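Written below as structure tokens is the structure these notes are about.
As written, the chains take the letters A, B, C, D, E, F, G and H, and residue 1 is the first residue of each chain.
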Amino acid sequence: MKTEVKDILQAVKDGSMSVDDALLKLKTNPYEDIGFAKVDLHRKYMQGQAEVIYGAGKTSEQIIKILDTMLANGEKRILITRLSKESADAIMKIHDISYDEASRVAVLGGNASADGIGRIVVATGGTSDIPVAEEAAKTAEFFKNDVVRLYDVGVAGLHRLLSHKEEIMNASVIIAIAGMEGALASVIGGLADCPVIAVPTSVGYGASFNGLSALLSMLNSCASGVSVVNIDNGFGAGYLASMINHMEVKK
Amino acid sequence: MKTEVKDILQAVKDGSMSVDDALLKLKTNPYEDIGFAKVDLHRKYMQGQAEVIYGAGKTSEQIIKILDTMLANGEKRILITRLSKESADAIMKIHDISYDEASRVAVLGGNASADGIGRIVVATGGTSDIPVAEEAAKTAEFFKNDVVRLYDVGVAGLHRLLSHKEEIMNASVIIAIAGMEGALASVIGGLADCPVIAVPTSVGYGASFNGLSALLSMLNSCASGVSVVNIDNGFGAGYLASMINHMEVKK
Amino acid sequence: MKTEVKDILQAVKDGSMSVDDALLKLKTNPYEDIGFAKVDLHRKYMQGQAEVIYGAGKTSEQIIKILDTMLANGEKRILITRLSKESADAIMKIHDISYDEASRVAVLGGNASADGIGRIVVATGGTSDIPVAEEAAKTAEFFKNDVVRLYDVGVAGLHRLLSHKEEIMNASVIIAIAGMEGALASVIGGLADCPVIAVPTSVGYGASFNGLSALLSMLNSCASGVSVVNIDNGFGAGYLASMINHMEVKK
Amino acid sequence: MKTEVKDILQAVKDGSMSVDDALLKLKTNPYEDIGFAKVDLHRKYMQGQAEVIYGAGKTSEQIIKILDTMLANGEKRILITRLSKESADAIMKIHDISYDEASRVAVLGGNASADGIGRIVVATGGTSDIPVAEEAAKTAEFFKNDVVRLYDVGVAGLHRLLSHKEEIMNASVIIAIAGMEGALASVIGGLADCPVIAVPTSVGYGASFNGLSALLSMLNSCASGVSVVNIDNGFGAGYLASMINHMEVKK
Amino acid sequence: MKTEVKDILQAVKDGSMSVDDALLKLKTNPYEDIGFAKVDLHRKYMQGQAEVIYGAGKTSEQIIKILDTMLANGEKRILITRLSKESADAIMKIHDISYDEASRVAVLGGNASADGIGRIVVATGGTSDIPVAEEAAKTAEFFKNDVVRLYDVGVAGLHRLLSHKEEIMNASVIIAIAGMEGALASVIGGLADCPVIAVPTSVGYGASFNGLSALLSMLNSCASGVSVVNIDNGFGAGYLASMINHMEVKK
Amino acid sequence: MKTEVKDILQAVKDGSMSVDDALLKLKTNPYEDIGFAKVDLHRKYMQGQAEVIYGAGKTSEQIIKILDTMLANGEKRILITRLSKESADAIMKIHDISYDEASRVAVLGGNASADGIGRIVVATGGTSDIPVAEEAAKTAEFFKNDVVRLYDVGVAGLHRLLSHKEEIMNASVIIAIAGMEGALASVIGGLADCPVIAVPTSVGYGASFNGLSALLSMLNSCASGVSVVNIDNGFGAGYLASMINHMEVKK
Amino acid sequence: MKTEVKDILQAVKDGSMSVDDALLKLKTNPYEDIGFAKVDLHRKYMQGQAEVIYGAGKTSEQIIKILDTMLANGEKRILITRLSKESADAIMKIHDISYDEASRVAVLGGNASADGIGRIVVATGGTSDIPVAEEAAKTAEFFKNDVVRLYDVGVAGLHRLLSHKEEIMNASVIIAIAGMEGALASVIGGLADCPVIAVPTSVGYGASFNGLSALLSMLNSCASGVSVVNIDNGFGAGYLASMINHMEVKK
Amino acid sequence: MKTEVKDILQAVKDGSMSVDDALLKLKTNPYEDIGFAKVDLHRKYMQGQAEVIYGAGKTSEQIIKILDTMLANGEKRILITRLSKESADAIMKIHDISYDEASRVAVLGGNASADGIGRIVVATGGTSDIPVAEEAAKTAEFFKNDVVRLYDVGVAGLHRLLSHKEEIMNASVIIAIAGMEGALASVIGGLADCPVIAVPTSVGYGASFNGLSALLSMLNSCASGVSVVNIDNGFGAGYLASMINHMEVKK
């Protein structure tokens, strides 16, 4: 994803772009002020994620304004996370987006074909973890990855998980999503031979303490290759998985 | 274990013991005051555990005095838990006990032959959990149970656990002992078809928070038939497992 | 409960079922995919609880679809926990279920006659703990146990608890349910001579911290034979109590 | 205890002390600076507790210096809490004190005869709670109260507690001291008909979290008339119990 | 408050009541079962508080049924705490009660004249603590105490508190109620010379953590004579204060 | 403190230093690598605190090496915090430092005369808080402030605090240091009319939870003008107080 | 701000006010009782903040009554924080106030011209922190400070923060406001050379635990000159910043 | 790392190994029982990490026995983590190992040449974090990675971090290690364009709560591509970084 700055520099080196034009392209409009938020157009070059809008806490008017600014600056595909049904309905009247109500994810401009190292497996312990899983899966797909979904394969019914041993063994990266006891990450981490990104969910009751139990459990995983993101942070897991699944492109 | 009161009452009914003698036997010396602690000789009749001394926080002199009182009241076999090496050495000079330094458990009077429903499996996630496991196992053996030890079968190496699937499927009761992520209880709970007593241990570092992580994980287990005792409470698990494994005797 | 797999195998041994038929019966349809959830029909053989649906977080349409799949696979009696009034009303239009609004428990197919070792006592500290207690009691009854209810016998009014000493002394298993200080489990554990399953409830205010106080109190119980399940987990307690109360059947 | 200021004022009213003398007595030397600590001689008039030294974190030299200052100002009886064995030995070479190593309490000047409303009962759940209990008991005795000690009467062995029902029913104030599950306060609170001061102790292991479990349990007590002081705060409980047991004197 | 049992016994001693009648009066109907709750008529003799109904979590129908049972058993004055506006309105149609919406306290039968040792001061840190304070004050008044209200005298404006120094110095018992930093209990404890009952409130935001901050602060009070009840537990404080304020009656 | 960079720039403007010399002075040796730590000589210009060494976790050899590097770069006065007695003894053999064992603060090069706006008051609740207070006071003195020490003026003895009302009213900045209930900050915040920096200390036991209680209490202070630093962070408070007390110099 | 008492005293010294008039002005009506709250008119003289009303938990009627009392006592400019839209609308019908819905801050009487030492920078990590930031900014402006707003400059996009390096370097005081990881305070603290007041916000989800994560992060800041106020306490930060920014006036 | 199983299977496919030999190689000796621990030789094939010994809680005798078993099974290079100085000394007498006392890491058989995608940057906030960092760095080097160390580049001195911007921008994977406020992960996450593995450390005091503050801060990072491992888990971070840095090899 670090390609765009490199492209510009390469163009300068190749002579196909003047130094001044390059400078201009890099420096102008680092962000455009639209009143309530700085649309960080530069971040695309710095982090490769300018095309993402975090929808929580923004009105549909604000989101539409950000979308317009992005589109005006040449963005073609945009991912919106944590988008309420109401905001999605309002946006759909103006822009052509696909929207999934359970995960609250919207995509403008559709998905491009996958070009990662391998496949990303998204596994959940139960059916209640699916909204978080879909946020992760859709994020990974938006960033050009093939995704395999293994839902409701919690450790209390081990045969269901083990019947998918092949997908787990062949994965490039695995996102293990679970609430309650969070044991899924350790069991998958023990079976797999690739990075495992654990996502605790706030699903559960009583001593799950809104995801704290699963979070601690995952941080204490005895399996190697497991790391953890914030409770319910499907986007973060999907984005990181994509990063790892595109490692080969970097050289 | 509720047998002794029953025996007395039956003897009364049978005519082999007079009501007065029975009353005397039941009421005299409910506890004998030896200065620093009430030796609860009555508790044996009430709870069947008078023969256990909790050694933590007692001097070797105090423990010897309690032992003497118990022996003088006819106790034949006594279990001492959380007994320091120093106290054990001091006691050994006077009484014939077997002592295990790792689990700090001592037994006076040896073990009797097992008479439970089936076998009790004691499983641990790692080798560091063994001291707690031995406290549980030795307690269960003291109370007349066959014990099968499955140590170091943590979920990060699932094949080791699965290679013992038969012992797990055939157990009467299982004690699942683990620190860190505590996932062992859930995985075993999913495989087994008998009560599983989960014991979180304080083994670990960082976000294990001295057993809190394993404790929460076990309380949130999605597997049915799992219940939890206090962190590092091997005795409690062994005692409860024995109770369950002697259920048939009750009728 | 491990009887069904055994029955099949026994039938094979007896010659009343061919090996191929047995294989077929064991292997076909381990779970049937109905879109949003894998109905785990196999789990019945593995864990004896396929007949339970956890209703929380499922729409009435989803629950009805699962019910239909189960019934189509030969299930006769089904327990649904955490079922909202709305969903219950919707289901009642199609299926004949009995529903208790307080505990949110529904039963399809009625209860069968009890066949356990003894009686299960379900005791609560206050009247506010009754919904959790009823979840436990109805679960135990569904799994063929006689249940004795002792409600509102909290330790602050000891005479009420002691007036039921006989039921407590004669119980096969006791489920002690309490919020706030959670002392009920310890007091009953001291009186009883059978396994005690403690259920902390989220009833209370202030420093009860949604059940944390009762949970810690119960984990620290000084009485032997006490173990703990998750806050408000009446089902888990009822299921485990039934397991223990059917121990004799296992040999 | 509010008597001394009143005495001065009464003397003024009676004419047996001039206003100037009274003023002088009240205002001079509110505290004497001895370098490392302000010996608050005034506090005696304000709070009636100048005669107490909190020994923790003070060297024996510092304590002796404070003692000397107090004695020089006319103090006759002095209580020292949390006094290490080493400091006690050093002080004994100079002053005549009685010292109890378990509770780390020292008394200079002996105890005076009791003059309270009734008797203060100090009860503990186990033998490990005795050091805290003795701090409470010795404090209450120093402040002129009859104390009844009921040690090792924890709720898991209810018959031991109930065999002391009379002392509990007749107490003027009860101090209930327990670690682990802390249920003692609730059970006593339900039996008694007088103020109960609950003292959680740090005795225990695992999920007792150094007294947190007992603390929360006691705060959530369903029994009326129960209030709580800090973990291990035997002095605070003894002092407050004495205050309550001297209520009638106030009028 | 232990008077009623004593009255009966005294009547027996005086010859004005036969032993059998006394026995009958003491033993009959320890509680009357009205379906959803045991109305504990005996508790009046045991704890002197049968006349209190905890309204939280009960429907107006249930409360009315309890009221009727109590009245039928001769109760004249009844206190109802945590009573919702809706339930109060429903009850008012049938019974004559006075109701305070802020504190959710209702009284049936009016207050009797005060007969305590002295006056009970109820002080609050801010105006938001007043509902809890009124629960405490009205409870104390119901149990025959004079109450002095000092509201909004938090420590950040010390002159307001100090302008009431006289009331504080002359109090028999003080109830100090505060949320946020909870410093009020310590400052009053330092000024006063009587038992101080501290009530943390859940008032506040951010790091007040629903009363935890005030609770810890009060438990750590350096002032002597301070004890603590549960967060927002105005009733508990008022009841205990009344107990202490009636100490002299006990002899 | 921002003076040094300004001085250089002013010298450039004045013509007394060439731009190249200025550049050289600003850019050379931003830090000097001495193996185990980067001595940040640049930080002096950036933050004005290069002259401070945090001694915790460093060997005496490491500290001496850092000292030598600093002295070689022209540093005249150096403050060392959290310096163990052992390290101080070792350093004293080589360098001339003054060292205070209680606060573990050492000063090399002595103190310069005070030049702040007013005086900084350092107040503590008890005598056990003095080590933290001295770290704050000595830090403030090192940075050229007059310091007034008010130790052992906790809120439980309000008259001691009020007898220093004048110092409090006239302070430029106040550092309020207390463990246990932490109420000192609020009371002082209410009395004073200047910024109050609250320092919770880990002094205490039981529910003080190593300073957590005081920390929460101080964060919840109802008095305006109060802010909080980390538990036991005397240096941070002293440094910030000095910053505020030199505000007028900035223009 | 300590000017008003001084003015009175100076007037006395100058002879322009009689001692009696001064006494009268200082002592009369320290607070006026209006039923539900003591309007603390004296506090203005003591703390300079009588002109602030904390709107949370007060009805519009109560706020209007307080406003009227203040205005009747000569107050010209009044700040109301945490004022709901509903209450603001009700007040606007009677009084002329400016109201900002996002920060829930209202100002009566407008702002006066700034007279502080320098400018106060208010910076936020994200756009969701703006409501808290506006509470801080508007408070600072009300107390006569120039405010520079730097919003959405979180550390994950460092170039945005660094593009404002000049404002940060030139600030008199900085208020750093952030939720989630709270790193903003440390980074700004490292760049700046003035007091930094950190305000954690409850913005975030999952392991942000309603601001706890940001709070702990800010308390642990390694940068010097950073102190912390309560979660979401924009007013406290703005008030303290103003105090510091007016230090020079004090001499 | 999944190469070895594949190699065997490929050999089978190629005809260079018989199916029986392959089966034998895969199935024999899945672990060798040496009394106190199962040496899991199979795990190498399953997870590629058999060559690692976790030294904590093992005696030098036990470690030597495990080493001997591993060497006898053909292992050439072995990494030992958390190895005490005493054990290292004992092992060195028998085996040729390199040992680093600070990080407690030992390597037997030396390091092989790096063959990863790019370089792994290991950065720390302070010098106290170096032991954890060296555990991570040495682990990564053992698994054939080039490592760039950036120590003591905490965010409070941003210029030091920014002076290494190039290493950060060019890294393949970054391990960000910090205690206290943990802000390093977010700042690096914002600068970098590769996966960032955050390691909280237990370095700090007061409200760092043994790493909890850094842990929460890192979990809440607003930068994309950041995930977290357990407190002080240098090995886990190094192992995962190596996994990611060898992604391209997988195809």
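Note that a residue touches a chain if its C-beta (ideal position, glycine included) is under 8 Å from a C-beta of that chain, and two chains touch if they have at least 3 such contacts.
Fair warning: this is a prediction, and the values are worked out from it, not measured in the lab.
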item	value
Per Cα centroids, the chain farthest from subunit B	G
Interchain centroid distance [CA atoms averaged], subunit A/subunit D, Å	61
Distance from the mean Cα position of subunit D to that of subunit C, given in whole angstrom	49
Cα-centroid distance, subunit F relative to subunit G, in whole angstrom	26
Contacts with two or more other chains, residues of subunit C listed in rising order	46-47, 157, 190, 206-208, 212, 215, 219-220, 223-224, 230-231
Those chain pairs that satisfy the touch definition	A-B, A-C, A-G, A-H, B-C, B-D, B-H, C-D, C-E, D-E, D-F, E-F, E-G, F-G, F-H, G-H
Subunit F-facing residues of subunit D, complex	30-31, 36-38, 40, 42-43, 46-47, 56-58, 200, 202, 211-212, 215, 230-233
Subunit E to subunit F touching residues, read off their complex	125-126, 154-158, 180-183, 186-187, 189-191, 204, 206-209, 212-214, 216-224
Residue numbers on subunit G that touch subunit F, as the complex places them	1-2, 46-49, 117-118, 169, 172, 190-191, 193-195, 197, 215, 219-220, 223-231, 236-237, 239-240, 243-245, 247-248, 250-251
Touching residues on subunit C, where the partner in the complex is subunit E	127-128, 130, 151-152, 157, 159-160, 163, 203, 205-208
